[in-house]
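Once you scroll down, you'll see the structures, which are given as structure tokens.
There are two complexes below, and they share chain A, which is joined by chain B in the first and by chain C in the second.
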Partner chain A sequence: MTINFEDVNENFRRIAITGRIDILGTDAIATKFTALSATANRRVVVDLSAVSFLASIGIRALISNAKALQQRGGRMVLLVGDNAAVAKTLESTGIDTLLPMFTDAVEADKAALA
Partner chain B sequence: MTSTKRPSILAVDDTPTNLTLLANLLRDKYQVRVANNGSKALELAFALPPDLILLDIMMPEMDGHEVMRRLKADPLTAHVPVIFLTAKTSIEDEEFGLSLGAVDFIHKPISPPIVMARINAQLQIKSWHDFLQNQNAWLQQEVERRLAEVSQQRLALDYVRKELDIARQLQTGMLPLSRPMFPGRDDIEIAGIMEPASEVGGDLFDAFFVDTGKLFFCIGDVSGHGVPAALFMARTIGLIRIAAMGTDQPDRLLERINDQLCTGNETSMFITLFCGFLDVASGRIIYSNGGHCAPLLLRQGEASRLPIPKGTLVGVIPGGSYIAREIVLDVGDVLVCFTDGVTEAQTETGEEFSETRLLQIVSANANLPLETLLDTVRREVTKFTGNHALDDDCTLLALRRLPNN
Partner chain C sequence: MNAFISHAIEELSIRADAGEVRSASVWLETVCLKHGVPAALIGRLDFCIHEALANVIAHGGAVALSAPVCLHFDTHRNAGTGGVALTISDAGTAFDPLAARSKVRPQTLAGAEPGGLGLAMMRSNADELSYCNFEGRNRLTFIVRWSESARNK
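Let's look at the complex of A and B:
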């Protein structure tokens, strides 16, 4: 369970999470994830393509941070790449109005900056 | 003996020249007191116990052995190291002196370097001894203090366990778990089971008649499990029951529940929810879904997934809208709702129970009474995972339309 980030510019950040986002995994990264996504007016792409398992606690963390970011005028977008399992999990949640999901990195970036 | 003070030595000898010799020898390094008889020696020792005593044996009135005995008899002076000084040279004398508790024996005429070395050695030993004693006393206190802490913590833990036990009973009491669920009805068979992963769980299911011919049913899964999920579950089941009495449109019901749960939900907890209304006479079910997994439809011995509308999980996005769909449940058909604690139950190697396996087992046991069917599924999950502990709450709800007599 790791979390890394890259600041493309001062308003656009890409966060990449790898591993299992289960109870232990979420615990390990929760604070850092919140800190990384909590800055005002940020556009954020969260890359989940290397996530092997996404539990409901992970979904909660994503929703919670997306909402907080939205309240500050920012936007969060999810990149799943070709990770079919995570895509399927996210699709059934129906949260794409709050957290749009993309398989293509370029599309994800465009949506985040729109 | 503190490191800043010079150690104190009491020298006892009835011969003045010996005393002077000793005093001169020791004065630079130590604080020296002298006594030329046994009584005086004891008086000085009891008044202020020295760090070491040099004791002559051959003295009139009270000899060194007697002084020794008295020193050892009093707790104040019993631990002061005593070195006998004597012209007596027999082994027996030495053995005797040591047996009284002397730490060493120095023969007269004394050799100053030897005396200094032996005194230094004994004082070192005494200082270590004193240090260890203090250390032990402190450790003893620490151990007692920590045992008291542990005892307190254990009491607190017992209390919490008892509370969770009660919480579990209360939660179980909220769900329609009686068998059979509706003993008065011969047109419908329903059974449900809910097994939490920890003492309390975040799954729910419900089934009740909103009027004599219409049954409301639902199944849900709160994000996470344990106490927070259980509280959210309790809140939700209450809201559902009220809402189901006010509408027979499952999509409106989900919209209402969703808006209600979004308020006062700072921690973004959510619930996936599937619900529907069954018209018992016709078999028509109108149903809606909020992020939950599709139930299974068992029709003439074949199980398949019920087509479900897409819907957002409930409780996080206010103002969300939901879609209703319809299906007819024929007589003999069974609807099996479940939560992902069943299908995502894993073996040690990470293999999941899966929907496929659930479909197979339900099909294979299609004709069993529903209570037996659900118990069988639950048993199969345990067999599959090889574990008796669940990773996530497991819930199943099944309903079957019975033929009219």
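Let's look at the complex of A and C:
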């Protein structure tokens, strides 16, 4: 379970999460994920392409951080790449209608910066 | 003529805590592979078991946390078809997820509230769900089915 980030510039950050986002996994990344996505006016791409399992507790973390970011004038989008399992989870729960979801990294960057 | 080919039962007893949830997932994958459950169904059962156990931990109360949670895996295969019934029983507060009203999906991120996702995920990943409370224990059963023809495509 890892969470890493790359600052493309002061307003644009890519966060990459890997591994199993279950109860333990969410506990392991929650504080860092919130801190990384808390900056005002920041655009954030969260890369879930290397996530092996996404439970409801992990989805709640995505939503709460995306909401907080939006309230600060920022925007979060999700990158799933070719991870069909995570894409299916997000679609079946309707989260893809709340948080834009992309399979292509360039498109995700564009949407975050739009 | 009875086309019955195989039937197997596996059981596990765990504590209601987060570390044990991951142990339950490992056990589930092991017994599914042992009994030839298709990979796609293992993933669906993994969601069911995780969300059910998460509910027990979060909402079952003190009794749920102090008593064992029992997992009962029952699989059968016969001519061309197979199925798994996975039952999770706990001593926590009685709760029938089948009776819980589905949450209305929010239309905007601002309107999204936490909660209800776990039930939705259990419902979408199981072919059939059943619940009873017997002798003070919640018994929630997930059923998934497959056909050999679909598996081999």
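By definition in this document, the second predicted complex is superposed on the first by the 113 of 114 C-alpha atoms of A that agree within 3 Å, B and C clash if a C-alpha of one lies under 4 Å from a C-alpha of the other, contacts with A are read in each partner's own complex, and residues count from 1 in each chain.
Note that in this section a residue touches a chain if its C-beta (ideal position, glycine included) is under 8 Å from a C-beta of that chain, and two chains touch if they have at least 3 such contacts.
A quick note: this is a predicted structure, and the numbers were derived from the prediction, not measured.
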Clash-or-fit label for the pair chain B, chain C on chain A: clash
Partner chain in contact with A:57 - chain B first, chain C second, else both or neither: both
Chain A residues touched by each partner, larger count belonging to chain B or chain C: C
Touching partner for A:93 - first (chain B), second (chain C), both, neither: both
Touching partner for A:24 - first (chain B), second (chain C), both, neither: second
Chain B versus chain C as contact partner of A:70, first or second or both or neither: second
Chain B versus chain C as contact partner of A:85, first or second or both or neither: second
Set intersection of chain A contacts, chain C complex versus chain B complex: 23, 56-57, 59-60, 63-64, 67, 92-94, 97-98
Parts of chain A lying in touch with chain C, wherever the complex brings them together: 20, 22-24, 27, 53, 55-57, 59-60, 63-64, 66-67, 70, 85, 89, 92-94, 97-99
Residue ranges of chain C in contact with chain A within the complex: 18-19, 21-22, 25, 43, 46-47, 50-51, 54, 57, 105-110, 112, 114, 117-118, 120-121, 124
Chain B-facing residues of chain A, complex: 23, 56-57, 59-60, 63-64, 67, 91-95, 97-98
Touching residues (chain side chain B, partner chain A) in the complex: 221, 223-224, 267-270, 272, 290-291, 293, 310-313, 316-317, 320
